[in-house]
Amino acid sequence: MSYETVVGLEVHSELKTNTKIFCGCPTTFGGEQNTHVCPVCLGLPGVLPVINEKVVEFAIKAGLALNCKINKFSKFDRKNYYYPDLPKNFQTSQFDLPIAEHGYLDIEVNGQTKRIRITRIHMEEDAGKLVHSGTTINDSSSACVDYNRTGVPLIEIVSEPDLSGPEEARAYMEKIKSILEYIDVSHCKMEEGNLRADVNVSLRKTGTTKLGTKAEMKNLNSFKMIESALAYEIERQTEILDDGGHIVQETRTWDEAKGMTVSMRTKEEANDYRYLPEPDLVPIITSDEQIEAIRAALPELPDARKKRLMAECGLSEYDAAIITTTRQMAEYFDAATAQKADAKLVANWMMGDLAKNLNGEGKSIEESPVTAQRLAELVDLISKGTISSKIAKTVFEEMWKTGDAPEKIVKEKGLVQITDTKEIEGIVDSVIAANPKPVEDYKAGNAKSIGFLVGQIMKQSKGKANPAMVNDLLKAKLD
Amino acid sequence: MNLFNKPAHVLHDMLINKEITAVELTNDLFARIDEVEGEVKAYITQTREAALAKAKAVDEKIARGEEISFLEGIPGVVKDNICTKGVKTTCASKMLENFVPPYNATVVEKLNAVSPVILGKANLDEFAMGGSTENSAFYPTHNPWNLDCVPGGSSGGSAAAVAAGSAIWSLGSDTGGSIRQPASFCGLVGLKPTYGRVSRFGLVAFASSLDQIGPITRDVTDCAHVMNIIAGYDKNDSTSINAEVPDYTKSLVKDVKGLKIGLPKEYFVAGMDADVEKAVRGAIKQLEDMGAEVVEVSMPHTEYAISAYYLIATAEASSNLARYDGVSYGARVEGTDIVDMFKKTRSEKFGQEVKRRIMLGTYALSAGYYDAYYLQALRVRTLVKQDFDKAFEKVDVLVTPIAPTPAYKIGDMVSDPMKMYLQDVCTVPVNLSGVPGISVPCGFSDNGMPIGLQIIGKPLDEETLIRTAYTFEQNNEFHKSIAPLREAK
Amino acid sequence: MKITRKDVENVALLSRLEIPEAEVETYTGQLNAFLEYADVLTSLDTKGVEPTAHVLPLKNVFRADEVKPSLDRELALSNAPEQENGYFKVPKIMEG
């Protein structure tokens, strides 16, 4: 029996506002437990929420960046359920009139572009953190609650079940992360829980259209986890269906240690959330002007940027994709090429030596000691032939250490490339004279020996001889 | 000295004329409380030390020749569902028996800024759910006019204290009549402001779209002064109206000439007590004699108001009270696991009426019933509101009874919830529409129990309400009557 | 009967209430009394009538994204039935 996999993702992203959605407590991660709380986010008797205006602005930004229609009339609703990380035992969220609906984003998998529809984006508040006394929830005798995270603003991005497997799910998640970072509404640090996904997966017989029963996996917070959990689930469901069984609609959790999904089915009833319009908050009405103002202030998004770099700078799709992975990289690239430095070279250096050094020191591109301006200068020196690519690597390392301008370094270290024919000729002659055996070997038909001779020439010229000219002149003299 | 019998405005004059000191006044109230509280049981918590300290501070201020404002140094009581920092706020429930809020309600901050002497927290129906204060988890409050009778509810403690002389003024809260009805049952003035006029921040929520805090006082003058203090925009309350607060005391003028008074025929219900009808009609006549024009109006959706109210209020309450689960504050009953703890805590620490309303509200919101009950109730609310809008196109105020009967005996109604709910027929439509309503004494039953007149106004038109109530009040002596218990011994 | 025992048990579960066997009948009767009374409301034709969730015509009430002082942890925990190391402590949470 062959099955089609149908996957939908509900992505939760914490917004990088200074304060929580309904109160003035800070949203900073990692504070001492229960030190970023107040009567409002603790849900004490008598408290009332007040909406943080930045949250709405960020949510609209996200909606526009994901090609959604912004609902000009939007409101909050209460989602009622009991859980100890929810102080009020209801979550203030949005039910029937979310801030944005009917959008999409495009993903690239195996060279193909696929459009994934986005059903809706809504604002809601995050819950607190539970720390269990045992290693897992089931062998703990007690739990501890930290409310620092309660009330941190979230947007929930819900996709249509348009994804067809782990690869697409990962690509979708990566794209969402990229876009949210681009528009600067989230830190997107998955390890800090800024970005999490609930994954819904079901199978149906290949060629049919009716959706199978789905299982939901909650709170997957790494790309790898999403892929692994999906792969496992698909296998699990396939086995059940092949055996003639039925999939139970349930919530499952990913057990990293065991490498499997585990049912979270509780004895209690399936949740009837009893949504009601939040009586303590009034509706949000956004005008066309406001929406357009926010749209106008959006930065150039990854896809558009990629296309532009391919068209204007002649970058390959592969290179353009890497350069536009984050906005910081893309902006670095734009700054470096602003004064017409060679785009391809800039791209190569960014993907090569710059990336290597940044990763080695755990730095982000904004922390690079080699600024975009300096990299552009280096690239210009290569383009002009002042230094060879090989020498440039040495110069780059020096730039990384000192932050100095490449021209200065080249001058001080006397690294200017030798392009004078007479000078190179002189070195070539000298090397030929000093190495009769390799010369003989080459003339005898051993092509490899030329490499040795080139090496000696470069050594004698302290690497400064123009490699192309060396090759040409050497060949000319030997042949 | 029997200062406890006097309204706040008289005592204020006595303070500034140095006829009495705030400490003397406060001690007089303490003595009075000692005398009657055993029978009335209006208080849950008394804060004598803090009260005396405040009184001393006010006296020092007066001694320094500084001016004092209206309520400064005057003892009052605050309903125990309004959060007072550092002072137990129980909502008359075992669930919050030992809860001490770490913050003040906005109205308490506003009061503190003008230094009244707060004597303590007043008894109420548990979580403000009830019409007689019999649902308090601790004890019922007794009506100072007849100790066998209820003082009304849910702000029964606030009203009884003021009527008994154990407080000069009080704050109550009103969701379906809980200020107006106890005021009426205790011969006092009680005002439910326009929804949004007074901040709800710090008022333990019962029904968020209906709750309001308001004064219960001895006369309309005191009421206007207290309103000046507590009304106003609060940025911590998203449902707070951002409009200037007028000086309500400027409405203390005797003039109803040309005032158009609407009489909604649907409020003069068939089963209405004869004494109530007599008193109310008498009041209407007084207003007419003073130049008001009476217009009969119809508010055809009145008969649906109680159903709509009890569906909306309980739905919101079921959500508002979900937070009481033993996790981070309030009572906790240990369980085998957390769900067991939730269930045991809520079952043992909530009273029956609270549980009844939570279940009804949960039902109204539950899958399959939401449209027929909750959503339908919201639609009916629109119709009820439209009745008021239409009526106010023709008239300036509406005049109705407060309740079908005067105060009844403790125990009479409490075992029949439905019967209790039906008593709210005249008051709940006002909350559903969000308009302001005031209760002012307008007579007595044959056996001496007070009867109140309800005057309902246009949104944000507390001024006309106060003017009408004041004019009426000054035209008779009802507000001067003192409960037998309050008579000087 | 508008509401059955089963409904009452269901609704009690949803609201985390445990109603003793002896009381279920009483509550069912009381809730029924109200729901029967509410028939007038449920049978009213409200086609075309918009629901009123808020009586005030308020909209767009916001606050600026400015940090305000949080509560001192001691105060935040001051009403906690049980606490440990700055956390609120609760009994075990079962999943499945």
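We just call them A, B and C in the order they show up, numbering each chain from 1.
In this text, a contact is a pair of C-beta atoms (placed from the backbone, for glycine too) under 8 Å apart; a residue touches a chain by one contact, two chains touch by 3 or more.
These numbers were taken from a predicted model, which means no experiment stands behind them.
*Asks:* By mean C-alpha position, what chain is farthest away from chain B?
*Replies:* A
*Asks:* By C-alpha centroids, what is the most central chain here?
*Replies:* Ranked by how close its C-alpha centre lies to the overall one, first comes C.
*Asks:* Which pair wins on C-beta contacts, A-B or A-C?
*Replies:* Contact tally favours A-C.
*Asks:* Using mean CA coordinates as chain centres, what's the gap between chain B and chain C in Å?
*Replies:* 23
*Asks:* Go ahead and note the Å separation of the Cα centroids belonging to chain A and chain B.
*Replies:* Between these chains, centre-to-centre, one finds 57 Å.
*Asks:* Report the inter-centroid distance (CA atoms only) between chain A and chain C in whole Å.
*Replies:* Averaging C-alpha atoms per chain gives centres 40 Å apart.
*Asks:* Can you pull out the residues of chain B that are in contact with at least two other chains?
*Replies:* 99, 102, 209, 235, 238-239, 318, 322, 325, 327-329, 338-339, 342, 362, 366
*Asks:* Can you list the residues of chain C that touch 2 or more other chains?
*Replies:* 10, 14, 16, 53-54, 56, 58, 61, 63, 71, 76, 88, 90-94
*Asks:* List, in ascending order, every residue of chain A touching at least 2 other chains.
*Replies:* Each of 39, 42, 50-51, 82, 84, 143, 145, 147, 268, 272, 274, 279, 281-282 in chain A touches at least two other chains.
*Asks:* Residue numbers of chain A touching chain C in their complex, please.
*Replies:* 17-19, 23-26, 32-39, 42, 50-56, 82, 84, 130-133, 137-138, 140-147, 253, 262-269, 272, 274, 277, 279, 281-285
*Asks:* Tell me, which parts of chain C touch chain B in their complex?
*Replies:* 3, 7-8, 10-12, 14-19, 27, 30-31, 33-34, 37-38, 40-42, 44, 46, 49-56, 58, 61, 63, 71, 75-76, 78-82, 88, 90-94
*Asks:* Name, in rising order, each residue of chain A that touches chain B in their complex.
*Replies:* 39, 42-51, 78, 80, 82, 84, 87-90, 143, 145, 147, 268, 272, 274-276, 279-282
*Asks:* So in the complex, the part of chain B that touches chain A is made up of which residues?
*Replies:* Going by the criterion above, the answer is residues 81-83, 89, 91, 96, 99, 101-103, 105, 200-205, 207-209, 235-239, 315-316, 318-319, 322-323, 325, 327-329, 338-339, 342, 362, 365-367, 370, 374.
*Asks:* Write out the stretch or stretches of chain B touching chain C in their complex.
*Replies:* Checking each residue of chain B against chain C gives 98-100, 102, 195-196, 209, 235, 238-239, 241, 303-304, 306-308, 310-311, 318, 322, 325-332, 334-344, 346-347, 350, 355-356, 358-360, 362-363, 366, 372-373, 375-383, 385, 417-418, 421, 432-434.
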